[in-house]
Amino acid sequence: MKAKIIVMPRAEVLDPQGEAVRQGLASLGYDGVRHVRVGRYVELELDSTEDMTASATVQRMCEQLLANEVIEDFEFSVES
Amino acid sequence: MNVAVVTFPGSNCDDDCHYVCRSVFGATTIQVWHKEKSLPSGVDVVILPGGFSYGDYLRTGALARFSPIMEDVVRFAGRGGTVLGICNGFQILCEAGLLPGALIRNQSLRFICESVPVRVETTESQLTSALEKGRVLHIPIAHMDGNYFAKEDTVRGLEDSDQVLLRYCTSEGEVSDASNPNGSCANIAGIMNSGRNVFGMMPHPERASETPLSSIDGRELLAGLLGGSL
Amino acid sequence: MSDYQSSQFTSEIIEEHGLSPDEWVRAVEICGREPNLVELGIFSVMWSEHCSYKSSKVHLKRLPTEGPRVLLGPGENAGVVDIGDGLAVCFKMESHNHPSFIEPHQGAATGVGGIMRDIFTMGARPIASLNSLRFGPIDHPRTRHLLTGVVSGIGGYGNCMGVPTVGGEVQFHEKYAGNILVNAFNLGLVPANRIFLGQATGVGNPVIYVGSKTGRDGIHGATMASESFDDEALEKRPTVQVGDPFTEKRLLEACLELFERNLVLGIQDMGAAGLTCSTFEMAGRAGTGINLHLDAIPLRESGMTAYEILLSESQERMLLVCSPEQVESVRAVFEKWDLDCAVCGTVTNTGRVVVTHHGEQVVDLPASPLADNAPMYDRPYAPPEDLEVRRTLDESSCHSDDLLADLYALLSSPNLSSRRFIYRQYDHMVRLGTRVGPGGDAALIRIPGTDKAVGMTVDCNSRWCWLDPRQGAALAVAEGVRNLACVGAEPVGATDCLNFGNPERPEIMWEFAEAITGMAEACAALDAPITGGNVSLYNETDGVSILPTPTVAVVGLREGLSDESPNPSSAFRSNDSVVAVVGKVAGGTLGGSEFVLHKTGRTAGIPPSCDLSAEKVTSDVVRELVQGGLVESAHDVSDGGLLVALAECTGAHHGHHLGADIAWTGDETPTQAFFGEAGARIVVSFPADGYGAVQALAEKYGATLTLIGTVGGDRLIVSYNGHSITADLDEMYSRWDQGLANAVGVNQ
Amino acid sequence: MKAKIIVMPRAEVLDPQGEAVRQGLASLGYDGVRHVRVGRYVELELDSTEDMTASATVQRMCEQLLANEVIEDFEFSVES
């Protein structure tokens, strides 16, 4: 069972890294890039359980450790 | 001796490099802003200093390698010119493809600042020609991403052609996992290119070049490059 | 409450802006009419405790602020002290307690960023940082997360800035479990004749905004629903600010370039209360006015209201004033560094701040009454009811049955073990100035091109302050001066960060007032004038106040250094050298000590008092001994008492352990003699043939000097009245060195 | 037009972050987690062009800047 988790800086929070990448792309000539946000991507391999429980588990993992909800949002999918 | 020190936005050891080249080695130093398109004429050595170019955003050195000056640094290196990258400078040289491999996050995921022993692995380089092989130098490191990675065959290639400059070791010169501060492949702390004119190292020799500071071992490496009399 | 008598706002709105009924009346008076909502927001932040010091000002006035070297005392962004050779140092300390509790990494990072802006806004280049931290017990469920986050935040920001973090202090105590402390200190170097002030001078001059764009960061004030705030807009306000050290580094270099080329007339960082505070303060200080156009402000988000733009606390921004001819040069400098730069206003002679947004006038207020004549309170104070209980300790219940086991336990305890786990994460060597870094009694940073070095240290034993705030605060200053003496530096000034609970409680106000008294006495007696500082009140959670924590950073000067001068050290250096104590060996007390905390889990008893004349003499002697190269090591005896200090002397340097054989006699119990704590004691060591010179110097100052042993061997043997312990050096060192890392649960 | 890019450490590269997350999860009691890898997630907003060109552009951005192929693999999707 595999979980794929995306953790992103919340929309209203400053994302200096995204801004630096945008400027970097612009200086490489990609000036059509309007907005960049940089987050984390986490892939977990879980001992297989039922999908429902897995979802609930991953949700808790995100809340407890993988995302910092003060400044980050997360979303995830679970597949077997 | 004319030394050009490149300042990227976020460089923070550029002043230190100027200062040591000038006041310890009597070199003439030239400040080069990263937006310049070419290095000044008559430059003998180019130093890419430590720091956090572009805030280390995305990957260390990833954005700096596209700074306008880098094209001429690549040309300069291609003509056989001497280039030294220290810490962030090493990271930039790897990203720019002037040196093989990459520097990833320290195994501990923590920044490490301390003086560490490193062993001289070759004397076939400008930096180390006056030292003995196996000599242990104490030089500070200060980095978050100093964990040298290269594919196995790349590392073997470096070893086979004697391109490894420095390895992390114990004070007694033993290279082991216990003496590896950051997880680097084969304890590698510094390397050079196959042309033996482009050097990269995580330790900061400029921080170990004057008696009142942590040690003067770094001076011996820089002396090889800058030719100053000690 | 009808006494608000407002026609536009409900009393809730005014209250939520933190204005009392009296303050509302005063605001109406100042305006000559009722303030509008934007103006109410401005009163709210300008008159907040944080910006106005309304509860603390009456007491702060009692601190000595003048000295022969002080160029600029409290009032500007940071104090400035002359160090000769045309140079001055500029330093200050600030708290970032609350944000660090919510998000430790970003909270601490932005705290460091904020204090650095305070320093470079004066024209100085930051050259060194310190920090003082307080957490709950190490085994408290949140402590590990908070500690590792705060440390990575301090390191992350400071390292990227290229400013070495050269020292600090950390303590753990249950009273901080719900309210941690993060105090950040920075010191910069500036030509003495080129100090820049936060003043909007020169009518007609442009006002320029530089740095990051403005977002909806840190807007407190109105949480109420009103026509201008729909819920959606409120949701868009982040509760935490993210630090961007890369932008701040560029901002620093750009500003230094302006200073170098004299392109600035006045400059101020945007800290708490952002654009509002800088505008009002700059106009207020210069006696001028400012017309500000919000449409020119670079924004990160669309649809921001005037209220939000004015009160945003987005980081990495500055406001500056230059002459009209200089604008293009200023702009070019910021362009070079790829930073935003916008002319957003003009200096006027009206004495008023007038703000327009979308063609409408949204603010028209007099500058100086808001900035300088904020309300001031002399809040009632009285000793806490439980003071006697706090100060009661049955000493017979806490004596040591096994001196060696207790020594080992103390050495590995979170409060006394080595801080290497922390300071290894800070770049403490960048800028090539660090002669003595973290791990020393005080940091010592050389000043290029001179024979000088600046010493700095931050201290506060908050347990003592809880048991006796006056003596505790005095001892904090004295410890700083002593630490400086150990590196041969003479105090030239000090800054403080006064962390206390809720000032509306009389017992907290009493702690505050007493602490100020103690600090004032000690600063005067030890020649360490206070040149600025910070007050952080309301540090309480669920009714539990923190221990009173008046953190003090003392800055000192050492002259006559050459490259060959040895760096001062706390560690024994050579076999057969003599070990001695400067100051009284006896007289340590167990009240409030680490030992009692370790044995009983309690903070109780009567703590040591501060003997200022003994402190002065001890520090004077040791300073001169260190300067003259007459001693090989000097180490202050602080938390943990004499035995812990001796243990530190044997192993304070990696890979350089030297034992000692120590013995003395006295009238105290062995527990007291070994673990009792007191001020005015410093352990020194020197070659036996240097004894005459050391003795002569002690006599000159009338200081007590007691020989207690000899350096040598691979064990520490200490014997008092025949009670003796023998400690293995490797054992001690590894416990001490790994104590904190082990407690945090990491390998290093 | 939006591009979503996942950059992951290559299989043969040590992933200290992934390993730390795995240990962190284990110490929270999630011991069914066998394997963790941590990468980067980048979201770009592009001036809308044709899908085909956009894909080619993003591919180049990744090769040039967003991923370092010595240590990282990438994949992406483009949506309008």
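Read from first to last, the chains carry the letters A, B, C and D; within each, the first residue is number 1.
The rule we apply is simple: contacts are C-beta pairs under 8 Å (C-beta built on N, C-alpha and C of every residue); 3 or more make two chains touch, one makes a residue touch a chain.
Here the structure is a predicted model, which is why all the values come from computation and not from measurement.
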item: Chain pair showing more contacts of the two, A-B and A-C; value: A-C
item: Remotest chain, subunit C as reference, centres from CA atoms; value: D
item: Rounded Å distance, subunit A centre to subunit B centre (Cα mean); value: 34
item: Centre-of-Cα separation between subunit C and subunit A, whole angstrom; value: 36
item: Centre-to-centre distance between subunit D and subunit A (centres being mean Cα positions), rounded to whole Å; value: 10
item: Inter-chain centre distance, subunit B versus subunit D - centres from mean C-alpha coordinates, in Å; value: 29
item: Where subunit D touches two or more other chains, by residue; value: 40, 65-66
item: Shared-contact residues (touching 2 or more other chains) in subunit B; value: 54-55, 57-58, 62-63, 66, 108
item: Interface hub residues of subunit C, defined as touching at least two other chains; value: 244, 246-247, 338
item: Chain-chain contacts as defined at top; value: A-B, A-C, A-D, B-C, B-D
item: Residues on subunit B engaged by subunit A in the complex (per definition of touch); value: 54-55, 57-58, 62-63, 66
item: Interfacial residue positions of subunit C with respect to subunit B in the complex; value: 152, 155-156, 159-162, 244-247, 249-250, 336-338, 423-432, 434-435, 446, 448, 561, 563-565, 567, 655, 746-748
item: Touching residues on subunit A, where the partner in the complex is subunit C; value: 9-16, 20, 23, 68, 70-71
item: For the subunit B and subunit C complex, residues of the former touching the latter; value: 9-10, 12-13, 15-16, 19-20, 33, 35, 50-52, 54-57, 108, 110-114, 140, 142, 144, 171, 204, 206-207, 210-214
item: Subunit A residues touching subunit B - in the complex, by the definition given at the top; value: 16-17, 20-21, 24, 27-28, 38
